[in-house]
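In order of appearance the chains are A, B, C and D, and numbering begins at 1 in each one.
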Amino acid sequence: MEEPLPEKPPEKETGRLEAFSDGVFAIAITLLVLELKVPDVANTGGSPLELGKALLKEWPSYVGLVTSFFTILIMWIHHHAILRNVCRTDAWLHFANGCLLLGITFVPYPTSVLASYLETPAAKMAAGFYAGTFVVIAIFFYLFIRAAFRRPLLSANASEEFIRNTFHSYVVGPPAYLLATLAAAVDARLSLGICTVLWIFWAATITKNTQS
Amino acid sequence: MEEPLPEKPPEKETGRLEAFSDGVFAIAITLLVLELKVPDVANTGGSPLELGKALLKEWPSYVGLVTSFFTILIMWIHHHAILRNVCRTDAWLHFANGCLLLGITFVPYPTSVLASYLETPAAKMAAGFYAGTFVVIAIFFYLFIRAAFRRPLLSANASEEFIRNTFHSYVVGPPAYLLATLAAAVDARLSLGICTVLWIFWAATITKNTQS
Amino acid sequence: MEEPLPEKPPEKETGRLEAFSDGVFAIAITLLVLELKVPDVANTGGSPLELGKALLKEWPSYVGLVTSFFTILIMWIHHHAILRNVCRTDAWLHFANGCLLLGITFVPYPTSVLASYLETPAAKMAAGFYAGTFVVIAIFFYLFIRAAFRRPLLSANASEEFIRNTFHSYVVGPPAYLLATLAAAVDARLSLGICTVLWIFWAATITKNTQS
Amino acid sequence: MEEPLPEKPPEKETGRLEAFSDGVFAIAITLLVLELKVPDVANTGGSPLELGKALLKEWPSYVGLVTSFFTILIMWIHHHAILRNVCRTDAWLHFANGCLLLGITFVPYPTSVLASYLETPAAKMAAGFYAGTFVVIAIFFYLFIRAAFRRPLLSANASEEFIRNTFHSYVVGPPAYLLATLAAAVDARLSLGICTVLWIFWAATITKNTQS
């Protein structure tokens, strides 16, 4: 929080926005574990084998945890890469970032719902609610990019190519998650599969954007 | 934590106060999601439609989450803007900041109470408890501003206009939330509506204060 | 994490130890709110008055929350002030700091126990467990001070007077909390009262140490 | 987040990776306390003695908490020491670090399972699940080291000796925890004992690596 030279206050502003956002991303990603419930096998004999089976039966929780974890992680990495090109903040960027963070903090909840209902008759609704949450987050992420990549906020060494690539890869977010949401009406696992493909796709765009 | 020049230790002190406060704000804002409970529709058929209805019935939780989220976020942004004008800390600022943080960490609790009772006969008390919490926080915030904006702590480039504007917009905090608390005796949703108007009002003052 | 000059690596090490410790302090202090349980008044009429009474009956939780909050906050401020005099870390400081952090992360648990049993016949044991936890933490804190204030780790501008004052005020920690633990055998509230007096005492030593 | 000189962007990248990882480590280590449940002695008389006995009976939770706490703490210290030798990040390091963090955030869950079942007939499975989690984490940690210690990412002042020592001490991780997992088939406490020996072993390697 030093102010090395009075000519550079903008850097500092982005710094605290990033630090706060880092905190929210880190906490949301760690709270996912609280969705996992210790199985109760006391009433089914309680043998080691019973506990083993019960832990395996928790697999929808593990799938939900891993999918949500990497989706948030990828978004954090992009968030980070995006703000490297920005040196000023304003109220509108704060608001767009706030909406995005609201979406991120919400993720543990649909993840819990998905884990609780993936093997029940209500699986389709749970998967639709899960994918639907990411439709909203993808819209917020797109708004965040639009807010961040406005001319007066960009830093001097902002990369035009990175900005173009980011817009290209994130404009597909809302429709792609909408597809996953609609797919939930057909099959819950299909919807979850699309969500998995999507974070792998964005992970790949990181590689490309970072290396170019 | 570097100490670039022995002439500037004060900057560093504020830095760690800010970092710690950022952490508390970020955690409190993220813990709000833990108030959301996965609905149990196993005993009502458990169809996708039942789950969908049950998720919709959770709307008071969503409203509470969004209201508390943005109220805390706005306070964080102001907290940040205020400390940009301060370069020294002392015991009194630490204490005032501590009281404010105590209030912030408390927010998930009244939010939970509100979400649990907004659609029950006890709604008025729940809304009053929620708004009443913000009366106390608003008083702490005002004390924090008074503690921060004392002459010996201000940094050389502190903006007189910003300080005046901040006092003007925050002195209305305690009475405004008191009004929301009293309104709860009439109608719980009216009280919650006033709380919503208030964070939008302070969001607007950010814009004004940042742009001026 | 910049390395501005190769002559100053020690600063950096302390920096990350502090940042990690700040995180643990901030999270532990915020998790205290999770101990508060939303009262269930559905089966007692559920009128606003019933909810109000139920919220008031939670007062032991509020007392526990406030006491633990300020005790942790004061320890964080001292932790911070202590490390300002230190510029190197080693394995022993890491270990002593780790023990202290273990104690800090544990605090929400005895706070929960205290809040659950303060108005039951088991109150004395709950208060003894609460105060006893702080005996252990006070010992860890003293070990942490001894580890931090070794000659080779001190920074060039370390204040001899601050070091002496800190030793003086913290050597009383273990016996004082032991007294509070023993007092719990007489009366739970007496024990809790001593704990409150203690954090106010250490808060006062901050003022003195900061101003000197 | 200042960019002091355009020649040094790599430092900055590692900085945010470290800050985010610090956050995840700090939160995971603090969430361990949520596994502790307040004992319910209302139905067994509720005397202070009953509460005392109930708190003592929670000892498997305390053992699990301490073991997991120090295992995570030691990994954080090593994580920190490793990244001091690295000045660039790329997609592969981000991914390896992400897998490691996924493992770290998962730890509170097997800790909970272990605490719940250590004194039941299912203890062997619980201990095997606990140690098995650390097999996976040890593999991720080894991959993380391989990703971090690639030539193009190393900083100019990276220590060849430290890198060699780190590889030597961490290559034993996966087989050692595999041994602990297999030992669980014989005796749960034997398995937990091996896990304890292991974090002490790695704590000792810190001392050696730091002092050399």
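Assume contacts are C-beta pairs under 8 Å (C-beta built on N, C-alpha and C of every residue); 3 or more make two chains touch, one makes a residue touch a chain.
Computed from a predicted model, the values in this text were never measured in an experiment.
*Asks:* What rotation angle, rounded to the nearest 5 degrees, superposes the C-alpha atoms of chain B onto those of its identical copy chain C?
*Replies:* Answer in degrees: 90, to the nearest 5.
*Asks:* Mind checking chain A against chain B and telling me if their interface is mostly the same residue numbers on each side, over half, or mostly different?
*Replies:* Here the answer is different, because the shared fraction of interface numbers falls below one half.
*Asks:* CA centre of chain A versus CA centre of chain D: separation in Å?
*Replies:* 24
*Asks:* Chain B to chain D: how many Å between their CA centres?
*Replies:* 34
*Asks:* Can you tell me which residues of chain C touch two or more of the remaining chains?
*Replies:* Within chain C, the residues that touch at least two other chains are 2, 4, 12, 19, 23, 27, 31, 34.
*Asks:* Using the contact definition from the top, classify how the chains connect: line, ring, star, complete or other.
*Replies:* Its topology is that of a ring.
*Asks:* Okay, what are all the chain pairs that touch?
*Replies:* In this structure, the chains touch in these pairs: A-B, A-D, B-C, C-D.
*Asks:* Which residues, counting only chain D, touch chain C once they are in their complex?
*Replies:* The contact residues of chain D facing chain C are 2, 4, 8, 11-12, 14-15, 18-19, 22-23, 25-27, 29-34, 36, 38-39, 41-42, 46-52, 55, 65-66, 69-70, 73, 76-77, 80, 84, 157, 203, 206-207, 210-211.
*Asks:* Provide the residue numbers of chain B that touch chain C in the complex, in ascending order.
*Replies:* Within the complex, chain B touches chain C at residues 1-4, 6, 12, 16, 19-20, 23-24, 27-28, 31, 34, 90-91, 94-95, 98, 101-102, 105-106, 108-109, 112-113, 116-117, 120-126, 128-129.
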